[in-house]
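Input: structures, listed below.
Here chain A shows up in two complexes: once beside chain B, once beside chain C.
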Partner chain A sequence: MRLAIKLAWRNLIGAGLRTWLNVIVLSFSFVIIIWMKGIMTGWDHQAKTDMTNWEIGGGQIWHAEYDPYDPMTLNDAHGPVPEALAQGVESGALMPVLIVQGTIYPEGRMVPVAVRGVDPGQTILQLPAHRLDTVTDAIPALIGTQMAHTTRLKAGDRMILRWRDIHGTFDAREMEIVEIFSCTVPTADAGQIYIPLETLREMTLLNGETTLFTFRNEDTAVTVPEGWTLKTKKELTRQVDELIQTKSAGQSVLFGVLLLLAMLAIFDTQVLSIFRRQKEIGTYIALGYTRGEVVGLFTVEGSMHAVMAAMLATAYGLPFLLWQAKEGWTMPLDTSQFGMAIAQTLYPVYTVGLVISTILIVLMTTAIVSYWPSRRIARMNPTEALRGRLQ
Partner chain B sequence: MENHVLIRIDGLVKRFPMGQGEFTALRDISLTIGRGEFTGLVGPSGSGKTTLLNIVGSLDVPTEGAVVVDGRSVGRLSTREAAQLRKERLGFIFQSYNLLAVHTVYENVEFPLLLLKIPAEERRRMVMDALEWVGLVPKVKSKPPQLSGGECQRVAIARAMVKKPSLVLADEPTANLDAANSHHILQTMEKLNRELGTTFLFATHDDKVISYLRRKIYLLDGRVDKDEIIVVSKTESL
Partner chain C sequence: MRTKRVKLLILAGVLLAGMVQAQDAMVILEKVDRNMSSDNRVMESSMTVHGKRSSRTITSRSWGEGTKKAFTEYLSPASEKGTKMLKLEGQLWIYSPSTDRVIQISGHMLRQPVMGSDLSYEDMMDDRKLSDVYTAKVSGEENVGDRRAWVMELTAKVTDIAYYRQKLWVDQERFIPLKQDLYARGGQLLKRTEMGDVRQVQGRWFPFTVLYKDMLKQGGGTEFKVTTIRFNDKIPDYIFTKAALKQ
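For the complex of A and B:
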């Protein structure tokens, strides 16, 4: 094997430009695959971190009736803070959130919203809830940039908020946007208005009631009371995983095309080598190689393109990948309109597994592509090969 | 006596498939070639010289009969055993040199020793010795495309001789060389035959080569037509 590697190295270096063209193409595949997969991992990481920071914390406990995809459930999705969770709320380990349906009327337009009551003193989410302590004669409210964009609202704007209390009676008050926050989680932004929890409880006559609790830490041990459902962080971020999986499947097609191009170049080189180097093949056999060993030599030679490509990719790809990990990739389009938890700038995350699996996939594919045409050597007649006669 | 015999050919027949039928290249050849001989298979094109050389070189197998080279029956060897025989005991010199173009002169000569897994230090010494025999030490770093035809063939001789094989098979070694280079090559081979005792078996129809041979086996239409041993006097050989 060492001899085959030594000879293959000499042959590849001796082949000059032909080798380097293949190696350059293959090294692009390495760098692009690792970079794109890194972007996906980075996005996954960012989406989950942002969801944790802006919406789900370390997991949630939902009222049994609560279904975020059905606003009609909000009428009944609330209940008093259970005894078992009161201590957690008291200590700040749990944050209660009350959610009710409402309608706002910015500039006379009617916009249905989910009104979320949060504690202005909460520190579990990054939401600037402390701004809800602003002294104003209207209800202080926070909205996200996406909501501000769709409703054309800005900080300081006032509008009417209408809601129904526990008895179904409509009521309305003036509300003032005290701050517009920027977050990448659409479910924490689009169609959401944040007001002080106690204000919302008073408005709806739902004193002491809540729709869900958000954990500060993932590993907080709680007994889930009857009528409430535990939603772990993993469950709540499952959608992100599914989205990333779907995107990754699409990406795999691109990787396939990239690899196919590189493999075609190597396959062509191998076929050409066997066609042009018949005398050399005959000579190897005359000097004491078996045909099987010559097949091995040519396979190693083809496979070494991948090794050289990995080295070249390290030389120029490593600085590029590190630079990208530091500076990130800023998408040319406004990602707030994408409807998914995606930041404007994505920072690729490269794992050891990603790098090793990419190298292994490219190496194995190259080995197979190199071996495929080399099998022809096993059927060659050495005496004909020595004369360079085509077989 | 048997120990003195390097090649024993007995009733050798070689047929090749041709269209629906067969073409007989060698017909009932029986020969013995002793160690240290400087022998040639002489004959026109199509007489079976190269076919016989290939069978002796274990690159091909007999259809009928037996060919024993250095104690091994060529027809009964497995692919691996035949490769082993070529690797350890045989050296080849070809008409078109068959050097590895991307390798240097040193690497070309080193190749058979790499196959034999000879340690680096010893390998280096053997390669330099072989290059010295053929007078190519100054060209050690050159690659075949940078050499003349004569120099290429000298590299091929060094490659064939470097492992000091029992037998060197040379197929039309001077066919691509001018007269001066041919004589130079042949003198080199004759010297190595004399000094190292290596057996040389040529396939040729070149008069220059024939004039150096000490035994001429004439082939015609796949048969031995004449087997002529040249007696060399002591003074002539010196």
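For the complex of A and C:
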């Protein structure tokens, strides 16, 4: 085997530019596959972290009537804090949120919104709720950058908020934007307005009522009361998993094309080598090599393209991949309109598993592609091969 | 002792005057209700929604019986032609010819605007008499155009009502509301309705134009014009059935 590697190395170096072209193309595949898979892992990581920090915490308990995709359910989706959860709320392990429908009128435009009542003292989410604890004659409110962009609102702006109380009677008051926060989770930003929980309860005559509870920790053990539904973090982030799975499937096609191009070059090289080195093959057999050993020699030679490509990819790819992990990749499109928790700049995350699996896949594919044309050697007549006759 | 008696008499007088005024206000409101409600009516009308940039007009024919039953068929524009609406005992169904389906508008969907107008389905549905849901008092007199009107303050006496307070200008001679301001519980003016072109039809006064305006929103409001109206006409029973929606 050692001799085979030595011979393979010499032959590859001896082939000069042909070898280097193959190695360069294959090294591109290495770097691109690792980078793109890293971006996907980074997105998955960022989306789930941001959702945890800005919206879902360690999971949620929803009122049975609550459906985030149907704002019409909001008017019925509330109930008093169940006894089983009261202690969790008291200790700060659970954060109650009341959500009602409302309408704001910035500059005379009618904009339907979901008004979320949150405790200004909450520390479960990164939402700057403490800014709601302020003295103003209007209702203090927080909105996200995306909401501010679509409604053309800025901090300090005032407008009328209209809502209905529990009996369906209209009420309206002036509201002041006390701060605009920046987050990448559209469901926590677009069409959402955050005001103090007790103010919202008072406004809607829903004293002590709640639409959902957010857990501080994922492993909080609670008994889910009747009329409420537990939504684990895994369930709440399922959409991200599904999207990333779909995107990954799309990416696999690209990886396949990249590998196909590289493998085509290696296959050609192998076919050419066997054709041109028939005398050499005959000599090996004459020297006592079995046919299998000669096939192995050529397979090792072909596979060494992948080893050299991995080394070359490390040489120029490693600094690039590290630089990307630090600086991130800023997407040329405005991601706020994607409707998913996606940051404008994605930071790739490379795991050991990702690197090893990529290397193994490329190595194995190269080995198969190298072995495939080498099988012809086994069918060669050694005497004819020694004479260098075409077979 | 004598001063105390005089004070008590004055207080009783003020209270009595207040009660009489409230009673008078309720009488006015009942007269308004008598003019605006009828056992049944058949009407052709147009509704023009004045948007920020453009306006669009929708014409319709409607049949109504008391406050519980109503049927409307939209006649134009082409996009709305054939759409029908049936209100029966607090329930509302809509038939759309493009989908050939009847759907029930219920719950919170009733709070959506009707065809982009300033009126919600709920506004259309709430045909309860003013005197049934509001207490009233006369707060003054004003001219609305060239008509002398009482200014009335209405406060809800039931809980399930969209507008907690109303201000109503009632024609002193014809007992027709000429203007109506609808307020939120907190006192914010939300909507304004202006009635005009008051004509006498079959012995009762009725406004032939009504302008609804959402006071918080930009735009010219929604103008409702009655083309023809007949009261106490004979309406076939099948009109107020779900089967009539698909006919």
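Note that in this section the second predicted complex is superposed on the first by the 391 of 391 C-alpha atoms of A that agree within 3 Å, B and C clash if a C-alpha of one lies under 4 Å from a C-alpha of the other, contacts with A are read in each partner's own complex, and residues count from 1 in each chain.
Everything that follows uses one rule, which is that a contact is a pair of C-beta atoms (placed from the backbone, for glycine too) under 8 Å apart; a residue touches a chain by one contact, two chains touch by 3 or more.
This is a predicted model, so every value here is computed, not measured.
Aligning the two structures on chain A places chain B and chain C next to each other without any clash. In the superposition on chain A, A:Ala306 makes contact with neither chain B nor chain C. In the superposition on chain A, contact of A:Met51 is made with neither chain B nor chain C. When both complexes are overlaid on chain A, the residue A:Arg10 reaches chain B alone and has no touch with chain C. Between the C-alpha centres of chain B and chain C, as seen from that of chain A in the superposed arrangement, lies an angle of 150 degrees, given as a multiple of 10. In the superposition on chain A, contact is made by A:Thr169 with chain C only, not with chain B. Shared-chain residue A:Ala93: touches no atom of chain B or chain C.
In the overlay built on the shared chain, the residue A:Leu206 is in contact with neither chain B nor chain C. Judged by the touch definition given at the top, the superposed model places A:Asn75 against chain C, while chain B stays out of reach. In the overlay built on the shared chain, the residue A:Tyr105 is in contact with chain C alone; chain B does not reach it. Between chain B and chain C the least C-alpha distance in the superposed model amounts to 77 Å. Touching of chain A by both chain B and chain C, each in its own complex, is seen for no residue at all.
Listed in rising order, the residues of chain C touching chain A in the complex are 107-109, 111, 156, 159-164, 184-186, 188, 190, 214, 216-219. Contact residues of chain A toward chain B in the complex are 3, 6-7, 10-11, 13-15, 279-280, 282-283, 285-293, 382-383, 386, 388. Residues 72, 74-76, 101, 105, 107-110, 160, 162, 164-165, 167-173 of chain A are the ones touching chain C in the complex. The residues of chain B lying in touch with chain A in their complex are 50, 54, 57, 59-60, 79-80, 83-84, 86-88, 92, 94, 96, 98-103, 107, 111-112, 114-116, 143, 159.
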